[in-house]
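Note that the chains take the letters A, B, C, D and E in the order they are written out, and that residue 1 is the start of every chain.
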Amino acid sequence: MSFVSVRDVWQAYDGRSILERVNVEVEEGEFISIVGASGCGKSTFLRMLLAEEVPVRGAISIDGGAPAVEPGRERGVVFQRYSVFPHMTVRENIIAAEGFAKPSGWLFGSARKAARNRADAMLVRIGLNHVADQYPASLSGGMQQRLAIGQALTAKPRVLLLDEPFGALDPGTRLQMHDFLTELRAETGMTVFMVTHDLAEGFKLGDRVLVFDKVRWDPMDPGLHGATITYDFDARDGGVPFQHILDRYPSLAPEPVGKA
Amino acid sequence: MRIINHIPTRPTAVLLAALPFVAVLVAYAIGSEIRLAENPADKLLPAPAQIGATALRLFTEGDRRTGEILLWKDTWASLMRLLFGVGIAATVSLVLGMAIGLVPYVRRLMSGFVAVVSMVPPLALLPILFIVFGLGEVSKVVLIVIGITPIMTRDLAQRVLDIPKEQIVKAQTLGASSWVIVARVALPQVLPRLIANIRLSLGSAWLFLIAAEAVASDVGLGYRIFLVRRYLAMDVILTYVLWITALAFVIDWALKTISRRAFPWLEAGL
Amino acid sequence: AEEKTEFKLAWSIYVGWMPWGYLEDSGIMDKWAEKYGIDVEIVQINDYVESINQYTAGQFDGVSATNMDTLSIPAGGGIDTTALIVGDYSNGNDAVIVKGDGGLADLKGKPVNLVELSVSHYLLARGLDSVGLSERDLGGVVNTSDADMIAAYTTDDVQAVVTWNPLVSEILNSSDDARAVFDSSQIPGEILDLMVVNTQTLADNPAFGKAVAGAWYEVMGLMADGDEEVLTAMAEASGTDLKGYKAQLAATEMFYAPADAVAQASSAELPTTMTEVAEFLFDKGILGEGAPSADFVGVAYPDGTVTGDAANVKFRFDTTYMQMAADGAL
Amino acid sequence: MRIINHIPTRPTAVLLAALPFVAVLVAYAIGSEIRLAENPADKLLPAPAQIGATALRLFTEGDRRTGEILLWKDTWASLMRLLFGVGIAATVSLVLGMAIGLVPYVRRLMSGFVAVVSMVPPLALLPILFIVFGLGEVSKVVLIVIGITPIMTRDLAQRVLDIPKEQIVKAQTLGASSWVIVARVALPQVLPRLIANIRLSLGSAWLFLIAAEAVASDVGLGYRIFLVRRYLAMDVILTYVLWITALAFVIDWALKTISRRAFPWLEAGL
Amino acid sequence: MSFVSVRDVWQAYDGRSILERVNVEVEEGEFISIVGASGCGKSTFLRMLLAEEVPVRGAISIDGGAPAVEPGRERGVVFQRYSVFPHMTVRENIIAAEGFAKPSGWLFGSARKAARNRADAMLVRIGLNHVADQYPASLSGGMQQRLAIGQALTAKPRVLLLDEPFGALDPGTRLQMHDFLTELRAETGMTVFMVTHDLAEGFKLGDRVLVFDKVRWDPMDPGLHGATITYDFDARDGGVPFQHILDRYPSLAPEPVGKA
C-alpha cells in the first residue's frame, strides 16, 4: 500500500469530462511534479488531492485512510497567489497556522507565547524574521510565497500541494525559491505535489514528473474527452522515462491486473 | 500645453478651493439683499447677519419655557436615533452579508430575497411600521434600519464573495472551522468595507431620519426643520441645514480616519 | 399700480376648499376669467404649509388658508394679505379625539398627537382653556403629520389626537373607542377657511377679485342645490366618495350665500377671535423674532377698525367682492 | 463537514430561494386574518384577496370621470420625472466627474465643494427648491438631481483618478489632445461605472421623487400613495408599493444587462 | 550635436534631490539600457525624457529642439503595465495610435480603412494578427507588451522609452520579447532608452548601459543626495567599461570643458 493512492479518478464539470481514469501511487516523501498543457486539468487534479472537490468516480486516499470530503490539516497547500492573509502581519500569518485549528481561532496566554516563539523560529528558517511585523502586501512576490510555504509547513501537513507556486515570480527569485524548497524538503522529508508550467523546474525539483494529456481526441469536439496521466518520468534518474507503466497503471492494460 | 497638464500652484489651489464657497455666499447675500429691499419682513432669504444672530441664539440661548437649549437637545436626539439605526443596520448587514457570502445554503435562501427587498421604497411602508413598532423611538430607528440594511447587505455579501477562494481553502488546510473562517478570515477583511458602506449609507440614513422625524416626533433636527417650516423661519432652517451638513461631514471624516487607522494592512504595499 | 392679466391661486385638499379644484377642472374659473379679460390658474398643492409658504414667497397671487395661518405666515412675514373670500368656518370639522372614556379634563398628563402650530393646536388650546387646563398640564404634544394621523391613531402609544376632516370621521368610524371630546362646533367662527390674496395685486387688479368671487359663488350655488355630479367630482378628488364627502360637509359651515360670508367677515366677534389667535401664535413663538408682542401685526376689518398695530396692518378682511356677488353685480 | 462546504442541490436551491417570499406572504396573510377577525373593517392589513382585487381594478379600470387608468398615468408621470432627474444627474455628474478627475484646475476648484455639498440634506432644502424652480415638473426633477448628483460626481471623479496614469501618458505620446483623452480614454472606461452609479442612486432617486410628489403634484405614484394615505387605504398603498418595487427591479435588471452587453471588454480575461 | 542631449539635469521632489547633475549625449539609433538600484530614480529620468516632468535644473533636448513641456508623438513609451487601452480591441489599440492625433480622436472613411490596413500589417509584424478582435485582458502578459510596443511604434516616435517593459513577464516569454525587440530595432533603427532591473538583459539588448547611483552619501540621512549616472558602459564592445567619461561628462571634471 503506497502513501497516496489515486485510483481510477474521473472528474467532469457540467457533463464535460476534464480528467479520466487517473491512477497514480506515491510513496511517502516523494516529490511529484505535475506538468501539462494549460487547461488540461492539473489544478483540478490538485483540488481533488486537496479534497476541495470530490471526483465523480474513483477515490483518493492518504495512508490508507478514507477519502476526505473537505480540506483539512493533513493536506497543506500553496497557490500561485492569495495564499497568505493580507490582513495579518507576517508573524501573525505563521501563528494563524496554529491558532486556526483552535475552536475560537485564537491562541491565548502561554500557548500563544509558545506559538510565537515557534513562529519566530520558522521565520528565521524561511528568512523573513526581519519583516515579521510587516503586512504581506509590502513583501515582494518571492517573500510572499516563502511566507505561504512557511505557513503551510507550520500546520505540519502530511502532504504539501503546490499549484504553480513560483508562476508569478521573476527568474532570479525563482531560482532562490528552488533552493529554499529543496532545503526545506531535505529537512522535513515531506510528500509534495507541485504543478508547474516550467518543465525544467519540474525535473529539477521533482523525484517524478507526471504529464497530463488527452489520450483520446475527438476532432469534431476537442473538449469532449478528459486528460489523464500520459507519462510518469523518473526524474531522479536524470529523466529517463519510467519503464514500468503497465505495472503501475493496470487500468491502461487490456486485462486489468491489480497491484497493491 | 494640454489643459490636463496645467497644474495650479499651491496658493492658486487654495484660492480655487475657496472660490465656490465664496460664490455661493455672495450669490445668497445678493439674493437676500434684493428680496429684503422689496419686503423688509421677507422670511425666505434672511440676511446672512440675521442667520448668524439666529445661529448664535439657537446654539446658546435656552428655550423660553424650559430653559433647555433646543438645538443641542435636537442634535442629541437625532444623533442617538442615527447611531442606533446605523448601528443596527451595520450589525444586521454584517451578519447577513457574511452568512450569504460564506454559507451556500444561506446564499440560496437570502440573496434573491435581499435583492428584491432592497428595491422596496421604505417611506411608503411607514404606516405599517408605525403599527408594528409604535410611534416612539423604535419606529424611527426601524425606518433607518429598513432603509439602509438591504443595500448594505448586498454589498457586503458581494465583498465576502470577492475574497479569493484560495484564502478560504488555505484556512481550511490550517484546520479552521467555519466559525474560525468567519471570525479570522472573512470578518477582518470585510470590516473596512463595512465602514465604507456606512459612510455611503449615512446620506440615506439622514434622509430617513428626517422623514421619520417629520412624521411623528417632539424633538430632533428633522422635527425642528419641519416645525419651523410652518412659519417659514428660514433663518432657523438654514442654521439647522448647515449644522446637519457639518455633523455629516465630521462623521464622514471620523469614519474615514478610523478606517485608515484601524486597517493598516489596507495601505501596505511595496 | 401694476396691472396684469395672469393670476395664480394655490389650494390644498380640504373639505371646504374642494370647490377650488372643481373651479379649475370644470372650466367655470376660465369662463369668469374670460369675462374679465384675464387668466386665472388654480394649482393644487398637496402640502398645505408649503402652499402658504409658496404664496408668501411670491409664487402665487392667492392661496387657500385659515385665518390663523394667514396671520402667522404671510402677514407675519410682511406680505400684506386680504381675505377675498370667506368660504366657511369649521363647525365640527376639527376635533379633539381621545381613546376610550374620559373627557377633555382627563387629558392631563397624557401626550397628544397633532400637527403642531396648526389650527388643531389652537383648537386644543381653546379646549383646554374651557376646562381650566393649559398645554403645560399635558404629557406633551407630539408633532404628527396629518398624512399619517390615522395610522398613528391605531398605535398603542397614542392616546389622544387633534385633527381635522376627513381624518376625524375616518378615525371615529374605524375605531369603536374613539370619541370626540371637543370640536370646532364649540368655538364657531373661530377657524375660518379663506381664500387670501395679495392686497396690492387685488388693489391693482379689481378684475381679478371679481372673476374669482364670481366663479366661486357660481359653484357655491351648485353645491347649495345639492348637484350630485359636482359633489361627486369633489368627493373623488379628495379621495373619498359622495357619502363620505357629504358627511364632512355636514361638519362644515359653508357660506353658500355671499351675504352669509359678508356677515361672518363683518361680525363683531371676529376682532376678538383674531386677537385670541394672535396671542396664541405669539405664545408659541410663531410670529417670529421680530415680534415684540402679540399685537405686532395689525388686522383690519371691513368697518375700518383695526386690532393690533395700526401702523403695521398686514391682514385685511375685505367684503367688497363678496358683497358684489351678493348684490349680483358681477 | 463544515457548513461552508455544504452545497444545496439544484431543486433545494430553488426551494430555498422561494422560501422567504412564501414566508412573508404567509406571515402577512396570518396577520391580516387576525386583524380582520377582530375588526372586519380594519384597513391596515387588507386580506390578500382584497389586495388582488384592488390591484386588478387599479390596473384595468378607468377613472369614472375621465376614463383614464390612473395607475398607468401615475406610472408614466413618475417614470418621466425619474428619467429626467436621473438623466440630468448622470450627465452633470459625468461631465463634472471627468473634469474633476482629469483637469487639475477643476479638481482644485470643485472637489472640496462637491464633498461638502454631498453632505447637505436635500429634503431640508425643499422649500427653497420650490421657490426657485416653481411647483411644476422642474422642481421635482431638480430635487432628484440635487439629491443624487454630488455623490455620483464624487464617485465618478474618483474613478477617473483611478485610471492608471500610464494610460493618460501613453495617449499623450500618441498625440492625443485633452479632448481626445476625455473622449477616447476616460469616457469609455468611466461609462460602465456611470451605469453602476445610476443603479446605486436609483433607490435615493425614488425616495426624492416620492417626497417631491407628496408636496406638490396631482399625478404620480408618490402622489397617489400620499393621497390615499390619509384614508389608510392600504390595499391601494400596497399595490403601489409592489408596483414600484417591480419597476425598480426591472430598471435595475435592464441597467445591469445593458452594462454587460455594452462593455464586453470588462468581462474579458485570460 | 548629438541626437538626444541631457545637460546638467537635476530633479527633486518636495525638496529632496532624486537626481543630480545628470549629463548624457546619445546618438540617433543608439539603444541605451538604464540600470540602478530600486528607487534610485531610473523611472524619474525616463519621465523627464518623456517630458512628463520637467527637471528643476538643466534641460533635455531632442535633435537640438527646444525642451518639451509635455509628452507628444515624438516620444513613444511602454510601461511595465497599463500601456494599452483595456476598452479597445487589439486592432483598435493600434489604430488609436493614428486616430488619437486627429482633432476628434477618430479616423473616418478611407483614412480609417488605410489605417486599418496598416494596423493589420503591424499586427502581423508583432504576431498578434490572430487575436486582432480580442480585448487586451484576454491576452497573456507578453502579448500585451508586444501590443504596447506595436502601438508605440505605430505613432512613429523619434525616441522610444521603455520602463521595465518585460518586468512582469516570465522568463521564456522574456527571451521571446528580447528577440522581438531586437528584430524590430534592426528594422526601424529607432533610438531606444530602456530601464531594466535585469543587468543581463540590459547588456544583451543595449548598445550602452547607463548605471544610476549616488556619488555622494550622507550616512545620517541616506535620502539627502540624489543619484546620477556613475558608469556608462559600452555594451557593443562586450561590456568593456567606457573609458572616456571625462570627455563626455565635463561637469564631473574639476575644470568643466564643453564638448558638442
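One rule holds in what follows: a contact is a pair of C-beta atoms (placed from the backbone, for glycine too) under 8 Å apart; a residue touches a chain by one contact, two chains touch by 3 or more.
Here's who's who by UniProt: A, E = ATP-binding cassette domain-containing protein; B, D = ABC transporter permease.
If you're wondering where the values come from, they're calculated on a predicted model, not measured in any experiment.
Enquirer: Just to be sure I understand the contacts, which chains border both subunit E and subunit C?
Expert: Chains touching both subunit C and subunit E: B, D.
Enquirer: Count the C-beta pairs in contact for every pair of chains, then give the pair with the highest total.
Expert: B-D
Enquirer: From subunit A, which chain is the farthest off, judged by mean CA positions?
Expert: C
Enquirer: CA centre of subunit A versus CA centre of subunit D (ABC transporter permease): separation in Å?
Expert: 48
Enquirer: Just curious, how far off is subunit C from subunit B (ABC transporter permease) if you go by their C-alpha centres, in Å?
Expert: Each chain's C-alpha centroid was found; their separation is 38 Å.
Enquirer: Can you list the subunit A residues in contact with two or more other chains?
Expert: 70 - these are the residues of subunit A that touch more than one other chain.
Enquirer: Would you please write down the residue numbers of subunit C that are in contact with two or more other chains?
Expert: Within subunit C, residues 50, 53, 57, 147-148, 150-151, 154 contact more than one other chain.
Enquirer: Spell out, as numbers or ranges, the residues of subunit B (ABC transporter permease) touching 2 or more other chains.
Expert: Answer for subunit B (ABC transporter permease), listing residues that touch two or more other chains: 2, 44, 127, 131, 172, 177, 229, 232.
Enquirer: Which bits of subunit E are touching subunit D (ABC transporter permease) when the two form their complex?
Expert: Residues 50, 52, 70-73, 75-77, 79, 81-89, 96-97, 99-106, 134-140, 148, 151-152, 155, 157.
Enquirer: Can you tell me which positions in subunit B (ABC transporter permease) touch subunit E when the two form their complex?
Expert: Within the complex, subunit B (ABC transporter permease) touches subunit E at residues 1-2, 5.
Enquirer: Mind pulling up the subunit C residues that touch subunit B (ABC transporter permease) in the complex?
Expert: Residues in contact with subunit B (ABC transporter permease): 49-50, 53, 56-57, 72-73, 76-79, 113, 116-118, 136, 140-145, 147-148, 150-152, 154-158, 285-290.
Enquirer: Quick one: which bits of subunit E touch subunit B (ABC transporter permease) in the complex? Just the residue numbers, please.
Expert: Touching subunit B (ABC transporter permease): residues 69-70 of subunit E.
Enquirer: If we count contacts the way the header does, which residues on subunit B (ABC transporter permease) are in touch with subunit A in the complex?
Expert: Per the touch definition, subunit B (ABC transporter permease) meets subunit A at residues 164, 166-167, 169-177, 179-180, 183-185, 188-189, 263-265, 268-270.
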